[in-house]
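Note that the chains take the letters A, B, C and D in the order they are written out, and that residue 1 is the start of every chain.
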Amino acid sequence: MYNELVMDHMLNPRNVGELADADGAGEARSASCGDVMKLYLAIDDGVITDVRFQTYGCGAAIASSSIATELIRGKTLDEAWYLSTHDVVNALGGLPEAKEHCSVLAEDAIRAAINDYLARNGLPARETAAGTCSDCCRHDDGSCPGPEKR
Amino acid sequence: MRAENERPVYMDHAATTPVRPEVFAAMVPYFSRFFGNPSSLYTFARESREAVEEARGRVAAAIGAEPAEIYFTAGGTESDNWAIKGASAAHRRGGGHIITSSVEHHAVLHTCQHLERQGFSVTYLPVDGYGRVDPGAVADAITDRTCLISVMSANNEIGTVQPVAELGKIAREHAIPFHTDAVQAIGSVPVDVDVMNVDLLSLSAHKFYGPKGIGALYIRNGTEIENLIHGGAQERKMRAGTENLPGIIGLGKAIELAAADIEGYTRRIGGMRDRLLAGILDAVPDVALNGHPEMRLANNLNISFRYVEGEAILLLLDAHGICVSTGSACSSGSGEMSHVLTAIGLAPEMARGAVRLTLGDANTDDDIDYVLDVLPRVIERLRSISPLAPPCGDREGT
Amino acid sequence: MRAENERPVYMDHAATTPVRPEVFAAMVPYFSRFFGNPSSLYTFARESREAVEEARGRVAAAIGAEPAEIYFTAGGTESDNWAIKGASAAHRRGGGHIITSSVEHHAVLHTCQHLERQGFSVTYLPVDGYGRVDPGAVADAITDRTCLISVMSANNEIGTVQPVAELGKIAREHAIPFHTDAVQAIGSVPVDVDVMNVDLLSLSAHKFYGPKGIGALYIRNGTEIENLIHGGAQERKMRAGTENLPGIIGLGKAIELAAADIEGYTRRIGGMRDRLLAGILDAVPDVALNGHPEMRLANNLNISFRYVEGEAILLLLDAHGICVSTGSACSSGSGEMSHVLTAIGLAPEMARGAVRLTLGDANTDDDIDYVLDVLPRVIERLRSISPLAPPCGDREGT
Amino acid sequence: MYNELVMDHMLNPRNVGELADADGAGEARSASCGDVMKLYLAIDDGVITDVRFQTYGCGAAIASSSIATELIRGKTLDEAWYLSTHDVVNALGGLPEAKEHCSVLAEDAIRAAINDYLARNGLPARETAAGTCSDCCRHDDGSCPGPEKR
């Protein structure tokens, strides 16, 4: 049911663990299925220089977490913030339809970790309220406008 | 890790089983040689007709029924649909009320939900922490509109065996037809329609080393039931469609073999199962056996691994060539939590960490050793990724 | 008379066909080796899953459909039941009205009669003397409550091919779903769901050298239909029940072979059929061909022998090792007169003297010679017993 | 579907044909399925000394006709009159349920032939009206009381 890339990230997840001296850390939980992801970021001059994660969840959740860490390493906070679940699913070469919602976890954890970093540095939190991609995708209505339209 | 080309260690016999060589051999002549339509009148079709009746006799003998009470179907699901839709329509009183349990297979549950949309009301009885229905609760649920009671013989996920004979007795006292889904029970527990007091019983060949796509419904003489599939006059005008000749032969042979060796089979499989369970409990902390410790199918283990998720376990085991399932095969991939594990009151995090290992003919003692080698490492691995698991040193037993 | 141990001369291919060796060979690995439940997640089941999808693709390709429009069932009867019950329930408007023909298979007719008991009204269109439905009559029968039109592609008794494409066009113009029972058509006439304008199409493997107990329903994308069999999530939640894996593989292989050689097959079989017909007309007086002289299946002969009764002919031919049928195999033995022969207006004495000979792979030119030797003698014999037959000298042609 | 004895009578019917100088002849028709049987009797001193038949009908009809002629040969008219369909079916070793009605034909033809004989000899016809076995069996309600109770 999963493609080879997903299976590879599932069986050999990249960047597993914690960062003792993380600059930002965030946790995301899926209300619907109980998946949990913790993300740790090392940030230098607005760029993510290192990243670790821990995930409790199905194969899709673990693989999404793993590839998301690869996608945001070396990226600016802005780029990372706008990493959508679509990007994650695309990078994995697709997920079964019933499993697409699992990739939302990574997006949520990234935003939580970035906001944690902002808070630690006395900066205002970014908005993750309704209307953002994260939300529309979580609601699975396929109406995500993409970052440029937001 | 095992070599790529090694055969898989198949521990999902509750999902389906391979066809036994003797069963396959019995089927072979009926594909291309004695292929005559059993309903045809010429002598050439007599071989087909007689073989079908012989198979019917074998099914009947295996469950203590009369041959005339056996009707062939396309499998357990069709049998369940027919029993529930057909009997509740024929016995409907007023609005119609059906009693079933909350741990039934989807073939029963979704059929009942369909009937709810048609105006029936359905009581889904709760179960205890082991998955057992309380006979007293059945008695209490009966109303004067109750037209059918349906409780499975043994559960497909957690293997719990129900007190079917007691339930059937209550149904009989109230003159309500009683159906049992015995799809998982055949071959693993003795099944006798009289001892069990059942009027309708579903079975499916591929669960006991017969072919897929063939099953039967036992209908006690005198039990009224409407047809599910309309058409030709096959199966004494009760189930239309050209008979699945090789399938029927295979079912007959498979059930004969299964019924003849229940004791030997369960001793063999149960012994391996017990060793597997003991080994897992010994090697892995924070686990729990789901279902009843004794009143369970001899081939079934359903174990919850705290802090990790079942599908992830399944995939990692698969990478080592071990085939298991999470919940029932049917709901795999749907992401929904098992209704059975929910019904026995499992906390979500334990329900999500459940894995079913069901043993069978395919397994050897080496397989047990192999799983006992791989499984603990897989769990350890996933726990090392899990944000929920306490750091290694803090864990119970390590 | 032929020796006891000689193979029978099988001329009942419309009742069922033997599984072709290539088809059987394709099925074999899926009984005991790649037996995994296609719904299971592990790699071992991937072989099953992929084989099922490959078979689905083959069925789709054979009838010009998309793979996602093919749903596997237990045979033609289940497909007919599902199409008619499922689509008419989903499209019901007001009381619900169904249009079908008076020459349909019992799988359609008895299903429609069942729906009449559920409150639907049904128009059973008359046919002409050849068994053809008049497209104009279909158009006239449509009301604003019509929720389904179902007309078979080709008749199982007399082989008459219906103007399905025209009928489908009318249905489409009125936005009414159109079902065709193509059980007898597959392999004998080109079947393309777009050319034929059908939304639902039933087929059954054992009619074209595939295994018994497996069929498919084509459901055009967007056609609403309710489930017939409730339960697990198989077949994209549309048809529950563990997949009949070897059956599905066999269906896929058989339809691929059948669709690839319609022209060669019908030329071969049709040639023998024509010679058989000419020989019978030549040797036996007082006979009539039932059905259309040209618009009929290449394998089908349905002939009425005046003054004698079909079952008696069947039994005497059987004594010579020749397998034929009277009417459809299903109603054999019921003693009822064929509804098809009644619908084409045959006088009872001609309808009762009807015999169906359907040719196929099993037949050779020798078989034709043999039947042409035996059949006239059998008819002569029975006429000599019959009080209706004029004394020999008085008969036409002798 | 038929047993061997039925098949034998079907394939090799006994006493087929006509009796040119029959003492009584009768015809029976089944309203439901159109079967026709003609029966010819030679009668000597109240005993059936010879018999011939012609039947149009299914295997069961032909076999019933054939065995019925065997059963009444050498019998008195009274014995022949009371030959029931049950006797015919029993003598054949049973018929498929759906085919049992076909044996009524023989009973009816025998009675018609006997009445024809009686008429030719100026004797009053026997009653075959409702209430006789022939009728109840024809109606397939299984309520035939047997000759002794009539």
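Miscellaneous remarks
What we mean here is this: a contact is a pair of C-beta atoms (placed from the backbone, for glycine too) under 8 Å apart; a residue touches a chain by one contact, two chains touch by 3 or more.
For reference, the UniProt names are B, C = Cysteine desulfurase IscS.
Please read all numbers here as calculations on a predicted model, not as lab measurements.
Leaving out subunit B (Cysteine desulfurase IscS), the touch network of the other chains consists of the groups A | C, D. Centre to centre, using the average C-alpha position, subunit B (Cysteine desulfurase IscS) and subunit D are separated by 56 Å. Subunit B (Cysteine desulfurase IscS) and subunit C (Cysteine desulfurase IscS), compared by their mean Cα positions, are separated by 35 Å. Spacing of subunit A relative to subunit D, judged by their CA centroids, is 91 angstrom.
Taken residue by residue, subunit B (Cysteine desulfurase IscS) touches two or more other chains at 41, 311, 315, 333-334, whereas all remaining positions touch fewer.
Among all residues of subunit A, those that touch two or more other chains are 1. If you sketch which chains touch which, the chains link end to end in a single open path, with no loop closing it.
All chain pairs that touch, listed by label, are A-B, B-C, C-D.
Those residues of subunit C (Cysteine desulfurase IscS) lying in contact with subunit D across their complex are 307-312, 315-316, 319, 333-335, 337, 348-349, 352, 384-388. Residue ranges of subunit A in contact with subunit B (Cysteine desulfurase IscS), taken from their complex: 1-2, 7, 10-11, 13, 16, 27, 33-38, 54-59, 61-62, 96, 98-99, 101-102. On subunit C (Cysteine desulfurase IscS), the positions that touch subunit B (Cysteine desulfurase IscS) within their shared complex are 8, 10, 12, 15-21, 24, 31-33, 35-37, 39-45, 73-78, 80-81, 105-108, 110-111, 113-114, 204, 206, 211-214, 227, 229-234, 240-247, 311, 314-315, 317-318, 321-326, 328-334.
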